[in-house]
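Quick heads-up: structures coming right below.
Each of the next two complexes has chain A plus one more chain, namely chain B in the first and chain C in the second.
Moving on, here comes the complex of A and B:
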């Protein structure tokens, strides 16, 4: 039997959630749809393909304070950031949730990143299956599906008279306590994701084509902005700086990207990835080779945001195909 | 436009690559969506058939010449893009004898995004008064008689708002900014080896991706382009969060036009007003 929550039931549930927790949901911001804190259910967008930016910023904010200092009696105390706020993210897509779960690899590996761990503990993700994957989507080619519930706490799937509800984790069950659900014998059909990308075996292929001139030719076109990395749910690099304000020091970290000139520049001026080709190769090698070697899955969830947002059409789906073709020639 | 332009560009590219006049031709090809254009780099005469030209050819390819310094390169430019050539020539960033200009007369490009295109002209094309390239070694298309001087309706409208409303408007825009620097990377006028935003000493702008710092970034960048922006509007096109940067750039363009009767990139040797010192100059702004 499937458990169903009616549309009005969903709205009052979200309303109740908002009374005790912060609710983050897809919302219209200018002409974009972004995950953003909402103050009322009316602000929530229920019918959307995918948000312009990924929801990773609710776990890995654009700017985060690691700690501040307090000076007293010739002593300096470090005050770490404590996250108290319980947050619920509503409407997260399976691909985005998977991206976040994937980053537990690098961020919770010993020694665990305290801020990431706190954000993860304090946040409950309510997933929303995709009923109509967008043309840029390719989640099924990278190990997921439009109804993949493996990385959310609760999964909702739109059906005729509301949403089918699946509590995936204990955290999800707790959030659903007291919510009235109807029993139904509706069967859920899995929507298809039409775009197929030949990602199978790509880890081995990338090793073979590492030295190919392909990268520098591709980098001709790349303008080396950070759009792809910043819209990506699985890019997690950052920069750290100390900020001094009236004697108080704040250590902050902000998003950074391997596409930036100087990202790997070291004291003395040497930059091992000084040319555009090696910087672009780094992005794809990290996603398709280093991350899988270290943590298992490809670090691409097939959301297609980089495909749509790149100003010069650097398309990861096309690149995977090209690399497979090149790899086959190398043998 | 269309097929005829495409054929002329291909033929010229083939000739230039075959006779060794250039090492590379930078033009456009059809992107991975099959409906819109993207930049293309052709090194081999056998590959010229990749080149194409249609009304989605938006990217200002002149920016790429900065990566090709010292190498003979041909570049496809539209009217607006061609002004960037003059900008870079006058600022001694590129050498004229290393660049072969394929100048395409452009009636305007349409609104498009990945996998979608419309028939509606882009905003930039409505204010464009440079359909015919100002620099060209090989012209594609018949020159268009340019219309009267550009108007600044959008800038004028912004000016009717109170200072407070303008501040709120720009603060909202800055809040969305993610500091990806796509605006800078796409801009032909942004070529500093070390951009002020990344300098540590002095640290002009903090690294926080937050409204105050973001606003500082966008404002200083706009000022650095005062009297230099050639109105290609690539910055606004590439912005992933749709910040209307043209409102800033065009405000400064209008100020420079009013004060100095100067438009950037119209010629290679006209002195740029903001970097030219005239002893007797009196603009009436400080007695």
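Moving on, here comes the complex of A and C:
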């Protein structure tokens, strides 16, 4: 039996959640649909292919304070950031949730990143299955599916008279306590998504073509604008710097991109990735080789955001195909 | 792959131990040797030669530096820091008594216990000599545990040779030689004017029962590796410590990777056997 929550039931549930916790949901922001804190259910967008950005920033903010300093006499006190806001994210797509779960790999690896761990602990993710994958979507090619519930706490799937509800984790069950669900024998259909990207075996292929001139040819047109990293649900490189404001010092971390010039330049001037080709190779090798070597899955969830955002049409789907073709030639 | 985030309070690994700068001494025109003492007795900071730590100039930032001291002497945490950027400039301006912070120790270390009984060749270039100083200190403090020791220290110019005031002490014990070289001499320099790899070829240390430990700029490491190979050193007999752009030291920021290896966590100490398996250039 499937458990169903009616459309008005969902609205009042979200309304109730908002009374005790921060609710983050897809919302119209200018021409975009973005995850943003909402104050009223009226602001929530229910009908969208995917948001323009993943909700990664609610776990790994663009700028996050690691600690602040308080100076007194000659003493400096360091005050670590504590996250106590309970947050519920509604409407997260399976690909984006999977991206966040993947980053537990590096971030919770000992010693755990305490900020990431706190954000994860304090956040409950309500997923929404995809009913109409966008043209750029290819989650099914990289080990997921439009209805993959493995990385969310609760999964909702739109049906005729509301939403089918699956409590995936204990955290999800807790959030659903007291919510009235109808029993139904409706069968859930799963829409298909692009399965044509030949990602199988790509790890071995990338090793073979690592030294190919392919990368620098591809990088010729890269303008290192970094948008691919900023829209990516699994890009997690960062920079750390100090920010001072009226005597208050904060050590902050910010998003960074491996496509930036000087990303790897060390004191004294040596830069192992001074050319665009090796930087572009780093981006794809991190996703298709290093991350799988370190943590298992490819760190591409197939959301296709980099595909639509890249101003020079560098397309990871095409790259995977090209590499497989190249690899086959190398033998 | 996915680990359960637990509810227990996880210490924030980005918060440094509060520390005080107790001494700041000029080693060269642009290198200072800092000595730091941790402010809180409960903070544990045990480290081995080759490990590194981040030192903070609050309000400017922090940077990773090789520990130039040895833990067992309990003489404070020492770092030889060359003034090259904003953080190192700020650190150079700190006066003794200034408050700072230390995060670490990070990375692996030179397995000096495994080298007991062996002849040791220590080759360092410029500020690259900093992480080799604790290697020398440890070996000389336990001199009878090791065979012949050859120390080769090179720099751009005589005034850029780090730890010059310690050379005489290093050369004192029996079976211990210190060789110096510079890229360009000056009026007071009577020593060698040659590149480290060339001096190494000239000195021609025997690979028999030997370990070569190298640190310096990447270009020096690469040429020195080649010379050592030519001298017959095996891949496992050559050990180096690498540098990488680093922000966290924890294997998270993904700045220092060479292929799937992190310089900060898998290194910074690598044997040539390991380096030859790297998919990417360092």
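Definition applied: the second predicted complex is superposed on the first by the 327 of 331 C-alpha atoms of A that agree within 3 Å, B and C clash if a C-alpha of one lies under 4 Å from a C-alpha of the other, contacts with A are read in each partner's own complex, and residues count from 1 in each chain.
Note that in this section a contact is a pair of C-beta atoms (placed from the backbone, for glycine too) under 8 Å apart; a residue touches a chain by one contact, two chains touch by 3 or more.
Please read all numbers here as calculations on a predicted model, not as lab measurements.
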item	value
Touched partner set for A:221, first chain B, second chain C, both or neither	first
Touching partner for A:252 - first (chain B), second (chain C), both, neither	first
Which superposed partner A:117 touches (first chain B, second chain C, both, neither)	second
Chain B versus chain C as contact partner of A:62, first or second or both or neither	first
Which superposed partner A:45 touches (first chain B, second chain C, both, neither)	neither
Contacts of A:104 with chain B and chain C, given as first, second, both or neither	second
If touched residues of chain A are counted for chain B and for chain C, the larger one	C
Which superposed partner A:241 touches (first chain B, second chain C, both, neither)	both
Intersection of the chain A residues that touch chain B with those that touch chain C	239, 241
Chain A-facing residues of chain B, complex	31-33, 36, 38-41, 59, 63-64, 67, 113-115, 172, 176, 178-182, 184-186, 198, 206-210, 234, 237-238, 240-242
Complex contact set, residues of chain C against chain A	1-3, 5-7, 10-16, 18, 58-63, 82, 84-85, 88, 97, 99, 101, 127, 217-219, 243-245, 247-248, 250-260, 279-282
Sites on chain A touched by chain B in the complex	29-32, 52-53, 62-63, 135-136, 217, 220-221, 223-227, 229-231, 239, 241, 243, 252, 254-255, 257, 260, 262, 276, 307-313, 315, 317-318
Chain C contact footprint on chain A (complex, rising order)	66-67, 69, 71, 74-76, 78, 80-81, 101-102, 104-109, 111-115, 117-118, 120-121, 151, 207, 210, 236-242, 244, 249, 251, 253, 256, 258, 263-268, 270, 272, 278, 282, 285-286, 289-290, 293-297
